[in-house]
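Chain lettering (A, B and C) follows the sequence in which the chains are written, and residue indices restart at 1 in each chain.
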Amino acid sequence: MSADYHDHDDHHPSPWGPHDWGHGAPHNSFSPLIMSIGCGMFLLMLGGLFSFGEYDGRYLPMIFVSLAVIAAALIVWCRQDMSFDGSYEPRAVGVPFKNVQVRKVGVWIFLWSEMMIFSSLFSTYMRYRQGIPRCDTVFESGDWVEGVAVTCFEPASKLIASSWWHIAPGAINTFALIISSFTIVQALRWANKPVGSVDEEVRRKRVYRYLAATWCLAALFLTLKMIEWFIGFHVPEIGFLGLHEHDIHSLYSEGYLINNDHYQAHHYVDEATGAHMVANIQVSASLFYVTTGTHGLHVFGGIVGLTYLTYKAWTGAYNPQSAVSIEYFGLYWHFVDLVWVLVFPFFYLY
Amino acid sequence: MGGSAVSRRLALISLMAIAMIVVPAVTSLPSGISGVKDTGCNCHGTEADPSVTASISGLPSSYNASETYNVTVSFTGGPAIDGNANLGGFNLWVSEGTLATLDSSTQLWGPNEASHTTEGNDQRSWTLEWTAPVSGKDVDFILHTNSVNGNEGDGGSSGDMWAKAQVEVTGFGGELPEADPFKVLATLIVVSSVLLSIVVLYVFYRNNPEGFEWERFAPWITEWLTSTDHKKIGTLYFVQGLFFLGVGGIMALMIRVQLATPGAEFISQGYYNQFFTLHGTTMIFLAAMPLIAGFANWIVPLQIGAPDLAFPRLNALSFWLQPVAALLIFTGVFSGGGADTGWTGYAPYVVTENTHAGVSMWAAGQIMLVASSTLTGINFLTTMAVMRAPGMGWFQMPLFTWSILVANLMLFLSIPAFGVGLIQVFLDRTIGTAFYDVAAGGDPLLWSHLFWYFGHPEVYVVIVPAFGVISEVIATSARRSIFGYKSMVYAMAGIGLVSFIVYGHHMFTSGMSPTLRFVTMLTTMLVAVPTGIKIFNWLKTMHGGSLVYRTHTLWTLGFLVTFTLGGISGMFFPSMALDVHLHETYFVVAHFHYVLVGGTVFGFFAAIYYWYPKMTGRMLDERLGVLHFLTAFISYNALFWPMHRLGVVGMIRRTHTYYITTDDFQALPEWAADWNMLISVSAFLFFASNLLLVVNMIKSLIRGEKAPADPWGGWSFEWMTSSPPPTPSFDPHNLPELKDANEHVANEPSRLGQMFRRLMVDDDASEGGSH
Amino acid sequence: MAGVTPLFDAIWNDYLMWSVFVGAISFGWLYHHSYFYRAKEGEVPNIDGLEVGVFPKEYDNLKLEVTWTLLPFILIVWLTYISWAPLDAVWSQTGPDGYHGSECQEGESSNNYFDSDGYVRSECYWEIDIVGQQWFWEFDCNGLSEDLCSTDYATVEGELKPLLTLKEGETYLAVMNSIDVTHAVKNPDFGIMEDVVPGQETYLWMPAVEETSFLMLCAEYCGDNHAYMTAQITVE
């Protein structure tokens, strides 16, 4: 055994971090234990907070406590990684991947399972989209009675794609994600510039600014999503192209909700008789919110990762030796972008 | 939630429809009525009628323990029909205490439910006796009365009116609530945890009797809580797996006591249903999977000559998610309402409100297990892809490592579907989404598809590592190379591939499309081919060998017997004419216990006897081992073999009781009761015999013989390290190199491998070695 | 051996025979090798020269391996073949191509019988409804005459359970639905079962060929009282 590995047993860095990466593989960590407890608490308290759609506020403080526990675990994890400078980057030793960075293989395999998750969500979507009659078909067929809810499939696109203003948040989001894929590549490009070819201070600034830009675009994505779901917005008087002052309602205020079994929409009013068709749209709303919400959670996960990367970049830690970390995050981020490119047409346009 | 309101209305309407068809009553239902506590007398109309008033008199406002009260139930009002104004009936339900009849106008449906008799169905008032409970709990009385109009023409029950009255009698606060079986189980868990802590302390003490003090204990326990070493995590997995094997075993025993005699009341059905649900979930997810992960953690890095796994900290996270998930899954137990859905959790029952409260956390716990398995998958797939020692190509990997690779690949590709299904169920049960709400258009079969798309690969995930173990043990014990190494690998890969397209056979009778049934029937038949190859290869390995009989050899031979039997009985299911009768019977139970216990668990036992010396540095006692094998093998077969026959004669699974043929109807033959008793007795013997293994392990830890590096004469890298191996297991700067006794050197990447390399290797990486 | 239905018994016996055949080969082989090729007392030879850190000498024989890939494959092709035909019988379609013809008109009779293969054949069939609910069954004779189909109550272990009386020699197609959760109709004496799924109709052939009286069970777990969700079916 070589010399530095003899040290291993005597060498006891704190399990709270930071790690001494010069000594190779990660040392002990409290983070997994704490994170598991936090996740368990969170799910337990979520089960208390909502029961079959009924809200019980007593559990709300504990939700925040459990989130704090998870955050603490993440901080421990990141604190241990903060000292990572790329000098310890394990590479494959066997065929066929000899010399490929181990972490890169890991990220690709991880993305494979992510693909399966979204495939499952999409198969649920396809099952219901095909299996349940469309609300507009039912409405046109006249096969309904006022006051009795019809079970039918109402895609969110019926509301979202109803006007350019309605679709604006989603459209802006699409561009935000595409641009953020570009900015993360720019961050990687600057971090990767050979030492000496660029001033280190310029490199530091460029890398952290590009990462911060990515962070902002991701935050913009989530903000617009919240506006589209819950808040809505106001269109001022523009005065040309026939645009007049009006409000764009959120999906929430339109009643597009997971528990709405008496959904009424203005486009389901029989002009001749003035009768309203009411619909049970719980399945379509559940699909919309859960699928796009899962994607949103991935974006949120990206924000957490970006926070760490941006902070580390701000300290000037990224250089050609350690730039691969940005690359691995970038793989994930491109994936999230790609998923959106699928989610957007299926849930927003079609 | 709106959806359930719709389904409730549907339920009421159909109840009414049923009543109209099946109750030709002139008066109220002549023989009395039971089970209307929650639904009401909807056979007489959907809603209670305000013109009828029901009342209960004779009750104190607060009762005394064990005192007897005369209770009079009566009603007034209702349809006035000439000469028939007095007709009516009632149903009284009481939450605590016992009811007794005073005359022949009333009858009991149980200690807490009473109704009128044929004789008493033309009265408006009845008197009963109620004996107060000793518990001191508040008692609810729920009374339904029916005032009938006596019309005969249209089925009898239309035009009747009914009313409901509810009275609460407060208790005296009273003594401790009664113990129920689940509290017993909870106590067992708590006691076992305390024992576990004592064992932990004892193990620490044994390590260094002089240094038994907090200053030394704190870092020692911290090391275990924070370790990222694959061997320590592997050990933790073992502790968890063996602990839950015991818990699941105890639950199985409870089930068996209940089923020992027909119509037994050892545990109530509410508890029975939780026991079989948690038995399944525990054994699959909290016992078998951690045991596999334990062996994989311990052995895979050692076998491929890697210092540790690729992502040691993720590995620690994979492990720690498990015990927390186990706590969530069992949360319901502590509140008295553990999950009662069966491990398959079929929709829409799993998302209805009359399941036990613990179902939400049962789903939540499994979501965490899905996360854990996914991380494990990433970790092991990466490790096996990139960290094989120099000289070890794909086709030089030991077969156990191959089996873990195939198992993880299957798990990794299938478990996200299960995870998504579970999240849908969890959200349905919490925030109120409607993925499986039938009234809103939800499809119950969608859950079955998502579940079995994972569930079938999952059972192969559990059995394939046992194949790996058997391959290692049988070759080493026969002192030979394994016969047909490559066909073994291809067979495993074949099983992995086929596993994804056969799952439909779980849904043959579930209303799935006939085309899919037919396709999955064909593919299911195919499973036999690769499995057959494996069995014949193992048998052929012994040919010309020299079988050294050790305990692990015995378990391996035992595995070959039981697994072959389980495999053969599995062939009966794809045949439709057989399946439509055998589905959901004890034949299925017998089959999968032959495969999962006789296969997986026996394989693990072989693995424990085979690798325990490597893990602990101590040999196990061979004589205790042989005794363990003999008692367990015999009691095991006595336990599960009779179930085949019971299944064929129609005993169905997941029921609290079973029916024996009477003069009126055919059900199970009389001998079925005796056989069930035999099964239950054998179950206890099987459980007890496995305690020998625990004794053996503890005994050898304390004063076992010191183990050499290679006690059995195996060839793979784990036998190169000391027993127990050092940390890191291999020096990363001085990795071992695998030699090959054959001519060829398969060290060049395959064409596919070269493609991957071009995709993934960046320029500076390909220049030279990393170290 | 089983005595369930002639069709079940026929296939069961075929399968049992092949099981015994495969079992005899495997176990005979296993017992022979584990006795004949055992090591001498206290001896640990090393036939293939296993050595730590060396991938062992290859030991294979392509012809043998192909043999026991192909032979089981041929066997399962045969087993699939004999399982294939009953597929149509178990889930027979309605109409002239099916085993049970079209729906009976009043005055007709199914006149069902077991043919030489053990399949039930009928001239026509009657439609009845079964509805599952937590936790009881509801039968609906769809207005069939009393002697063809009638419903009542029977006492099963002290509890009132629905009773369905069918006529010997008649074939029934049960159209099934559930109003709450998934149940399953399990008729052990007819040798069949099928799930009863809410929001979906499922179908089950109930050929009442011989006189019998048996308990119909719920075979899909459906909640607390699942075990007691029984009904009696009498064929007379």
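As a convention for this text, a contact is a pair of C-beta atoms (placed from the backbone, for glycine too) under 8 Å apart; a residue touches a chain by one contact, two chains touch by 3 or more.
Computed from a predicted structure; not experimentally measured.
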Which chain is in the middle, if each chain's centre is the mean of its C-alpha atoms? B
From the C-alpha centres, identify the chain that is farthest from subunit C. A
Here the gap between subunit B and subunit C, centre to centre from mean Cα coordinates and rounded to Å, is 24
Centre to centre, by mean C-alpha position, how many angstrom separate subunit A and subunit B? 33
Need the CA-centroid distance for the pair subunit A / subunit C, whole Å please. 47
For subunit C, give me the residues that contact two or more of the other chains. none
Where in subunit B do residues touch two or more of the other chains? 392, 441-443
In their shared complex, at which residues does subunit C touch subunit B? 1-2, 4-5, 7-8, 11-12, 15, 19, 22-23, 26-27, 29-30, 33-34, 37-40, 43-61, 64-65, 68-69, 72-73, 75-76, 79-80, 82-83, 86-87, 89-91, 131, 133-134, 138-140, 151-157, 159-160, 162, 179-182, 184, 186, 188-189, 191-195, 197-200, 202, 212-215, 217, 219-228, 230, 232, 234
Within their complex, subunit B touches subunit A through residues 1-6, 219, 222-223, 225-228, 304, 307-308, 310-313, 316-317, 319-321, 323-325, 327-328, 331, 353, 360-361, 364-365, 367-368, 371, 374, 377-379, 381-382, 385-390, 392-394, 412-417, 419-421, 423-424, 426-435, 437, 439-443, 446, 450, 727-728, 731-735, 747-750, 752-754, 756-757, 760-761, 765-766, 768-770
For subunit B, which residues are in contact with subunit C within the complex? 7, 10-11, 14-15, 17-18, 21-22, 31, 34, 109, 263, 269-270, 272-273, 340-342, 346-349, 352, 354-355, 392, 396, 438, 441-445, 475-476, 478-487, 509-511, 514, 517-518, 521-522, 525-526, 528-529, 532-533, 535-537, 539-549, 557, 560-561, 564-565, 568-569, 571-572, 574-578, 580-581, 583-585, 648-650, 652, 654-657, 659, 664-667, 710, 713-717, 719-720, 736-742
Contact residues on subunit A for subunit B in the complex? 1-2, 5, 8-9, 12, 15, 24-33, 35-37, 39-40, 43-44, 46-47, 49-54, 77, 80, 89-106, 108-110, 112-114, 116-117, 119-121, 124, 127-128, 131-132, 149, 151-153, 258-262, 280-283, 285-287, 289-290
